[in-house]
Amino acid sequence: MRQLIALCCCLFGLLSFPIQAAETSRVDALFTELAGAKLKHMELILEQLEEAKGEAILPLFRVLLGGDLYYIKANKNLVGKFDDQGKTLYKQVFNDTLVPNLAKRDVKKIRVNNKLRGYLRNAIARIQLTAKSPSVRESAVRELLSKLDASTVVILEDLYPNEPNKKVKEAMGLALAMHTASQTELAVSNRLVAIETLSTSLENDVRNALTKLTQDDNPAIIKAAQGALEQIAQRAKRFAFVDQLFFGLSLGSVLLLASIGLAITFGVMGVINMAHGEMIMLGAYTTYVVQLIMPNYIDYSIWVAIPAAFLVSGLMGVLIERLVIRHLHGRPLETLLATFGISLILQQLVRTIFSPLNRQVSTPSWMSGSWEINPVLSLTLNRLYILAFALLVFIALVIILKKTSLGLNVRAVSQNRNMAKAMGVKTNWVDAMTFGLGSGIAGIAGVALSQLTNVGPNLGQAYIIDSFMVVVFGGVGNLLGTLVAAFTLGIATKFLEPTTGAVLAAILVLVFIILFIQKRPKGLFPQKGRAAE
Amino acid sequence: MSRLTAWFSEGRSSGKHTLPFVVILLGVTLLASAANLFLPADSALYVSTYTITLLGKYLCYAMLALAVDIIWGYCGILSLGHGAFFALGGYAMGMYLMRQIGDRGVYGDPLLPDFMVFLDWKELPWFWLGMDQFWFAMLMAVAVPGLLAFVFGWLAFRSRVTGVYLSIMTQALTYALLLAFFRNEMGFGGNNGLTDFKEILGFSLQSDSTRISLFIITALLLSVIFVISQRILSSRFGKVVLTIRDAESRSRFIGYRTDRYKVWLFVYSAVIAGIAGALYVPQVGIINPGEFSPVNSIEMVIWVAVGGRGTLIGAVIGALLVNYAKTRFTAIMPDAWLFALGAMFVLVTLYLPKGLMGVYGQLKAKYRPTNAKESQV
Amino acid sequence: MSALDNTRELFRRDQVWPFLAPAQSRVNVDNQMILYVEDLNLSFDGFKALNNLNLYINDGELRCLIGANGAGKTTLMDVITGKTQCDSGTVYFGQNHNLLNKDEAEIAQLGIGRKFQKPTVFEEQTVFDNLELSLKTDKRVLPTLFSRLTPTQIDRIDEVLKTIGLAEHRFMLAGALSHGQKQWLEIGMLLAADPRLLLIDEPVAGMTAQETERTAELLTSLAGERTVIVVEHDMEFVRSIARTVTVLHQGSVLAEGTMDQIQSNKDVIEVYLGEEAVGEKGAEQGKGERA
Amino acid sequence: MKIKTLVSAIALSGATLIALPSIAADTIKVGVLHSLSGTMAISETTLKDTVLMMVDDQNKKGGLLGKKLEAVVVDPASNWPLFAEKGRELLTKDKVDVIFGSWTSVSRKSVLPVLEELNGLMFYPVQYEGEESSKNVFYTGAAPNQQAIPAVDYLMNDLDVERFVLAGTDYVYPRTTNKILEAYLKAKGVAAQDIMINYTPFGHSDWQSIVSDIKKFGSAGKKTAVVSTINGDANIPFYKELGNQGISAEDIPVVAFSVGEEELSGLDTKPLVGHLAAWNYFQSVETDENEAFIKAWKAYTKNPKRVTNDPMEATYIGFKMWANAVKQAGTTDVDAVEQAMIGQETPNLTGGVAVMNKNHHLSKPVLIGEIQDDGQFEVVWETDGVVAGDAWSDFLPGSKDLISDWTAPIKCGNYNTKTKACSGQNY
């Protein structure tokens, strides 16, 4: 089998060789034409190029699709732009030889628009049907599902029989089935078989094809199509549920991250820390700064940002504790006022330092994109990571509080300050550390949030209230409560949203919390000891 | 009637700041008004209409601060949701003013306010009915906040939700209302709220005389509420309220149903807030969901903290000072005023735990120790 | 004018509004019993604080509760005054008032006064106000709002002030009083409320010898028209006032009787009085020899 | 009686300090009423700087009528009632001759009555929902017919879009715009089930479900596009979510009305390449005026990376026109300037000429751009010639019959062509 493929490949090669020789001149002409062509003419040129050069044109299309195709103003030669450690260089499109000493003004970009991009994707897919790696072939086929025209079908038909890879074959089979099913002149039996095969797929294009078939004039076909759609819908429903659950969990993880720091400063120390949101904000800005410092290592920046953010926010926390909170012990409601003042100051501070505009924090490549489980269910990677991260932080925190001596002291102080003092615990030190810890974790949360939302002076304000709700709902001073509360609220919101819409969902959740607190005045997991009051 | 006056006269002994306060307040009010009406615009003593509306606004805030102080300073209940009651009162007034526009709206629709016309609502929602009657609107301005406070307080205080939990719940309350009023489906004008008012009781809101009268009315109401509150708080009821702040369980063991005391005080405070809101809207010219935002409610608490909680006069002074400072700062140093304000809050909580009145008290005690002794009488 | 009259009618102080009128009947003590506590059970996660405890108090008697720490003395008071809910059992005040379905305020209004271990008075208010607040009056919201001190009430307060010896401190903030004075003030607050039943938790803790004596006199004098239950550790004090003593142990009654009966009671001696009793006996003997 | 003195001190100082009559200096005062703190600071500070730059620039040219210009900046702090108060402060206390300010509709609505009462003059530089025309305000931003409708036309004609998602933040601008678009689309024969409308609160940050709904809605075989009136802050998480859920511009293009260069500078545009925005100006347009403007701006802000955007152009045009009008009228008196403004022409930055119409709205070209990976827009379509801003939309039942004409004989902001009546004026 393999040999056979190889054989046809080189056959292709042999055949195409003389033609190539003949056509080189024409191709070059096309190239020069491409340079500086009007958007509307370009598609035509590209078509000609595709048929002329076949697979060999791929690199050009790729570069063009990536928006990196330039031409040298002087001689209209095409070059591809690429970045190397921050400085832009240009290379030949077909053989990766570097084109030396080209400055920005020597070259001009060849623009593409959506139409062209669409065309290029298909073209690349068509060409890639015969690519080496099966995965590429498969994605190529799936890409084509939506635009099945006679020509592609022909190609698929003669590739189908001798396709070695099972999955690719499946995909091709699907494509062909779609085609057969849609052909009214074919025998009903064949079409029914085709529909049968379609009913096993979750692809959108398949579903749309079937929906078209329900307008078919043959009752049998209609019936079959509807049956198939039924099946698909059934399966899709299950995945939809999973999807929604994931959304809920993801929102929950964000709430958890935002509130867990507060669970310490507020829950354990009883400080109503209105500046908590700004601690998160500081974390986010730290991420931004880190990325400024290491622009070429965005992928690793996060790993630097996390400890950095922890330190920055943590130190700020210690500072606040030493300067302000320390003087307000036993007056929780007054810490509210002081910390509110602090939050105002911090906001204005970043506004003056970083300007009030949002700052760009780019997502590491390994965090972008999504994990395609199947055509209807795909989980976005960044949220997946953040979910995991939130849980990680939570566990780490629990360990710190339960296993380390700091944790022991913290709990001692939170339960009975004076007794702890009497036993020789350095309460001042513990307070500073606790507050630092809480703030630091808020900072880490900031790193995570910088991947989801905009990094601006108001970042903190957006989360402060939710955080308080989560902590109070969970039970002040109880980490587990915070965890449960965060996920409960997250999931609840997400399952309400489809029916009620975002705003009403939020309102309902709030009202629910208010009523719940009437029933359980100390939250889900009431805490023993006096820290709460 | 005589008995009521008797009841008041008795309070005089305890509320010894009351008289001077009322005198000064009304005095300043009348002077300012006169200066605005009768002096030529170029004289140095002329008080511009801008100042009048500004002062009017301050007085509304002072009234609001009074409400917060009554519940926080005297009963120890820190409400972070008083903005809600204020805004509800304001909306009641706003709806009345909206209905007053009548067919002078840009679309000339006799019944529907403009924002309803261009989001093409077909008929007036039920809760707008009757709002064209001044008395009814004013009734709503006090009844709605009062009712909300009653329901909330009744639930919360009976199940003994206290301290931080209560504060956060009040915050949740106002936040929920904020979101609700943002929704355009609610029929309260969404984010834009209610604005472009023309007349109140037939008097044009643009005219100085109306502004002055609104200003004077605000001052009058403020003093009346001040006197009543002073009296209430110096009655035995007031003493019970203090015991709730200091040792609630004890006063239960003496036989006081503290939860009921709290509920009624909460309602009273909410009603004052509602009145403040209703006076605020015609002087400022717009009411929108922003008033519900939790940050506003926190600011109110800070006014009281600055002035000195537990003393009505302190609340008033705090509100006037902070807002005056805000006005000045936003004009003088638009880029840095938040620093100043923030620093102010921090410093006050750190060094003046009893607020300005606390300082005043200390000074007095320092210079006139004998008097300090009497003051406990 | 009629409207005016109505308002006048509305605010007459000497009578409360009908719908506010108390549906409260007097405490029924036909058979000389004022407090019935029957098989009371209460456990704080696992630990049994009260273990089907039975206790009957006669009307007008003075009863001492003694027992080691954690014997359930204070818990019992908490249950009686409605501070804590018990798991099972019944507590009746007289024959007609079931205390378990009432909250602190109601119970207090029925005429059960309580003094805490640690004196709790309203520190921000004057001694006078403290007493005024605890007077036996209508304690619902509106009446309190429009209430005014009647001469009789003032006399009552003066009287109490004399009894507790704080007459000259009447306008001092309660917070400024000494510990002992606070103790007295709190007792005074009980007197002002003139309750049927007083629950007094360690009245003489932190008092000087003669203060203690005066307290003893006061309590004994109270007994009779009032019923008094005293929890105390100071044996001397107990002996000086006690007619009947009840010993609690691990949440249930261990023994009951006069001081002498108690002291001669075997199991009491071993669980509670133990060495102390022996020591005292020894001391007496010593005296005897010297004599 | 220290207390008495204290209170009186405060009250009086309050009264007098603010009331001290401002010394009539020999300058022309330009009020700047943009939020410098709070939620809107993110957008408005830029415009404050723009005005300051224009003032500098004008002064370099020797000012106006032989007087120097003096900018008076105040901070309404994104607090709507404060806009009215500060507006009054500018007009009565600082006696400014003109105000440049406001971004959100509500802030404009809040200050409007004050302007009309004190007969002030304000330039409002942001695209908005229309349905308003005041004698005292000149609207240099786009009206719906200068942004939304051409954009939808482009989607239908050039991209053959058949299904539309109208996603917006829940406030009056998106509400109105979407109402207009809905009516327009239906008029164009788009079926009701092919239009999906969705509103979210301000600063909405969790877009998962909504984006996945859009995805589902878009997977029905017909070409689908999103028309986004989502407000500033919420956009970044929205686009991030789009990118992560793998919705590319080829599948479902998003055309936004409030996403400009500045918003894009806040995020990584790689995943957004190809999404659209409709404006009257893009930084990428290559004309001499624009180049000069950009150069000046970067120099002024001392930041070579600083971008320009549409509201800045609107401010630029507004300021130029006002300056010309003042020259022409020879005074800064509001009524004179107001009349001189109408018919005023000034070159815009995209190579055309902006004209101020009788309804106080501008005639501008409409451009549609595709987001590029460098955070700039590539113009893919533009109207031939300029479009006149329409104060009162013809697609809303309430306002079909209304027109605005501030020249004699009508002199009315909301003149009903049917009843020949002018309703609701505030003066």
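Miscellaneous remarks
Labels for the chains are A, B, C and D, by order of writing; each one numbers its residues from 1.
What we mean here is this: a contact is a pair of C-beta atoms (placed from the backbone, for glycine too) under 8 Å apart; a residue touches a chain by one contact, two chains touch by 3 or more.
Quick caveat, the model's predicted, so the values are computed rather than measured.
Counted as hops between touching chains, the shortest connection from chain C to chain D is 2.
For the remaining chains after leaving out chain B, touch-based grouping gives A, D | C.
Contact count check for B-C and A-B (C-beta pairs in contact): higher for A-B.
Centrality annotation: B (chain centre taken as mean Cα position, compared with the mean over all protein Cα atoms). The centroid of the Cα atoms in chain B and the matching centroid in chain C are 44 Å apart. Distance from the chain A centre to the chain B centre is 47 Å, each centre being the mean of its Cα atoms.
One simple way to say how far apart two chains are is to compare their mean CA positions; for chain A and chain C this gives 68 Å.
Chain A and chain D have CA centres that are 32 Å apart. The set of chain A residues that touch two or more partner chains comprises 347-348, 503, 506.
Residues of chain C found to touch two or more other chains are absent. Annotation for chain D: residues 36-37, 170, 199, 201 touch two or more other chains. Looking at which chains touch one another, you get A-B, A-D, B-C, B-D.
On the chain A side of its complex with chain D, the touching residues are 39, 67, 111, 113-115, 117-118, 121, 204-205, 207-208, 211-212, 243-244, 247, 250-251, 254, 347-348, 351, 355-363, 368-370, 372, 378, 380-383, 451-458, 462, 494, 497-498, 501-503, 506. Here chain A touches chain B in the complex through residues 266, 270, 272, 274, 324, 327-328, 331-334, 336-338, 340-345, 347-349, 352, 461, 465, 468-469, 472, 476, 503-504, 506-507, 510-511, 513-515, 517-519, 521-523, 532-533, going by the rule given at the top. Listed in rising order, the residues of chain B touching chain C in the complex are 1-4, 7, 10, 232, 235-237, 239-240, 242-243, 245-247, 249-258, 260-261, 264, 376-377. Contacts from chain D toward chain A in the complex involve residues 36-39, 41-42, 45-46, 159, 170, 198-201, 203-206, 208-210, 212-213, 219-221, 233, 236-237, 240-241, 243-246, 249-250, 253, 262-263, 265-268, 271, 273-274, 370, 372-373, 378, 380. Within the complex, the chain C residues that touch chain B are 4, 7-8, 11, 13, 81, 83, 103-105, 108-109, 113-114, 116, 120-126, 129, 132-134, 139-141, 144-148, 171-173, 189, 193.
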